[in-house]
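Have a look at this one before I ask anything.
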């Protein structure tokens, strides 16, 4: 009974913003099909090309990554994730710096988003195939398989996962906002931009709601279908794989592609940062507003983490009682515009704590499922048998959580906290759309950018990254009990 | 594991303390010694005039000022109209003439007497008659280019020259003040049919239509484009701050529209008296000087700019300032939206 | 699967043997409660366990991969189960000391489960199952994860141990060697049927 209530509660948690908007607009939904079709075509074109480029890059360059020894491999796998974790505004500025003149429109959007997601696919896919590559390598070498044959063997086993990743990127592109907003140059708007325009330029909220619901239904059901046909067995980040000697099936070209990718991103960022630091106004950045934003970001992180863990424990309760949580997949990708807009109408409270809590609620509606999938889902699947065993031996739910499950999730909690930190520090979209008065470092950075104070934006981004790195070190210390290095097999 | 639980406990303790003690002074009841001001990021940001004005005002009056950043005045007004008496916000800045036209009826506004006699440019004579919206700066809208740009551009029609194809950054009139000002510029100097044709041709010429001034200006500074729609005073910023004289504003023979920024106090204000004081303060000579030097716009009070780099800026021929009616604005925007509908 | 009736002998090892795909694992999962089915019963004594949820069936299980909690030591793995089954009396603790010696677990008692050898994991898993005071002990291919040398030794140890306890045991296996050594009562399965 309790499990059913929690299941219902979770569904309400995620659909409440939409329900609130529908209620607020008295159920009025309007649709302009020609606009929707035009935006959908742009979304599909952008999504297709971004996922194709990212998958091709990720597939081939995985073999280069896996040909490296353990330490450089793990380091590269982590660095490659950075463009997808850091705010997309960075990538836009970097792209503008590298490519001049920059092609605005669909091409520009595809370039920037492919840049963001290629490293993401590379990191995940290389980890997923590591064990099989290692297992098949002796066979390939002994029987003289050429590169194409070896790749085919890997694709037969992992092709579905690759398609799954491609579809995730496709859907992420569909719901992208910042990049199309800035880089499309006013052309090539996608569905998310269309929603934004309906809401904030034309004030046609019912039209925005109509588009948003269509988008959500299409994406939600697609993800649900995807999740039925795929069991995400890719290893979570941080799990060790042994060194592979894969030079025969790798290539210098792949290596150059990876290095070009990383160097262009990090190199450009450092270049822009140095330019920013040399600006004569840079001392103006260090003011009360910045320090307030730092503390606000910290509190925002606390409330985000708290809400996340409450939902997570509810989820664990459902899993404990063998209830299906497949329904969560429907909420993997939500429209930031609409969900945050709910908060706009909700309004600000006089109590600061409540305002943080409201923001954190919206944050978790938008990001809980993807954070869960990214950092926790695989490990939880791996220890399903332990859960069954615990039930067989009458171990209580709380005992299972604190004595069995949580001690094995050190690595996963570490990565979760690092994601939560950077997302809390850099969050600005929800705050801007909802009209909240809370200012994070991301809000400050966005303000600098909106006034074309690029130097200020870069310095704030550097502070953001610095704080993030410090916080990751702190989590590491806390979770490892004051020692460096986690339990390797957790 | 104990450490993790300790961490979790620490989080909850922090949240509890935060809940109990974190109070930024925004109490439920209005305090006559505090004031909430909505402004754009360029005004209230650390590089803008906001912080200095805040310090000065607080020193002079003892009233504490809290800035709230607003993405768009329309959103703020919508929020106020929704929240009604519970709305927070005593002053709204960064309103332009189009905001006034479109939003003046959405909520009620307080009347404000100007404390100073303003010496205003003749073409802007109409603005001092507004009793609910008080101007605090202005600038002509103009295209900015680099001094080494050899293309002769001195009218709107010159923007259609083939050599400028893909080299002009414009702001979207639906989301940007300068963009909307440009749209009205076109419709005021051309007939309706010519204006529509001109815009259609221009859209084909553009590099991009950006959602905001900063995005468009960013493209220009990054040398993605050769021309950007901005303010005639923009080159002064580069001269004064960057010691860079490579930018110039282009004078068009049709004359230029003016962008005027206003401040107002909504009727739902909690601290109305302080709000009115703040608005009046913005028109004082000291505040005008600060606004001019930080916003890089002309002051409303002309005397303030004497002896400054702003005095050396050539006075472009200006179109007469007027508050257009919202039906006209809506019509222009519809034309624009229709022209852009199938452009991607 | 179709099993009209299947009876087991008490206080001895009942072996269910069959090739892959014969339905042994399905039967095993049904008995534990990991799978649900309609119209079947599973009596232990006078109680039909088929109607009970997993946690109420009071079974002791050794999985093929042993499923020890990797971050806990051998001792902690066992004591945790003792507590959860409310069997942590002084007698039980004394019993553990005896069994520990019998199963050669002294040396690895304080070692984390993830660092135990295959044979040690298997014996810890067995001891854990036994100390949970189950109605029925279920062993699912308990030797398949071991190499041949360890398998022989483990069989001997487990055979002696289970014989001493006289606990009703079900051993699922595909290996006929297990049948030879343990087969007090043997049931052959093929394609979901009893042969």
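Just so it is clear, A, B and C label the chains in written order, and each chain counts residues from 1 on its own.
The definition used in the following text is that contacts are C-beta pairs under 8 Å (C-beta built on N, C-alpha and C of every residue); 3 or more make two chains touch, one makes a residue touch a chain.
Remember, it's a predicted structure, so these values are computed and weren't measured experimentally.
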Pairwise touch network: line, ring, star, complete, or other: line
A-B compared against A-C, more contacting pairs: A-B
Chain nearest the global centroid, as defined over all protein CA atoms shown: A
CA centroid of chain B to CA centroid of chain C, Å: 76
Gap in Å, rounded to a whole number, between the CA centres of chain B and chain A: 34
Whole-Å gap separating chain A and chain C, where each centre is the average of the chain's CA atoms: 43
Numbers and ranges of chain A residues touching at least 2 other chains: 407
Contacts with two or more other chains, residues of chain C listed in rising order: none
Chain A-facing residues of chain B, complex: 1-8, 11-12, 14-15, 18-19, 22-24, 26-28, 41-42, 45-48, 51, 68-72, 74-76, 78-79, 82-83, 86, 88, 172, 174-175, 206-215, 217-219, 221-225, 241, 340-344
Complex contacts: residues of chain A adjacent to chain C: 385-386, 388-396, 399, 403-404, 407-408, 487, 489-490
Chain A partner contacts - residues on chain C that touch it in the complex: 32-34, 54-55, 57, 59, 61, 63, 65, 67, 69-72, 80-81, 84-85, 114, 128, 132
Chain A residues touching chain B - in the complex, by the definition given at the top: 34-35, 38, 42, 96-97, 100-102, 104-106, 181-182, 184-189, 197, 200-203, 280-281, 284-285, 287, 289-290, 299, 302-303, 305-306, 309, 344-345, 347-348, 350, 352-353, 402, 406-407, 410, 413, 432, 435, 437, 439, 443, 446-454, 456, 478-482
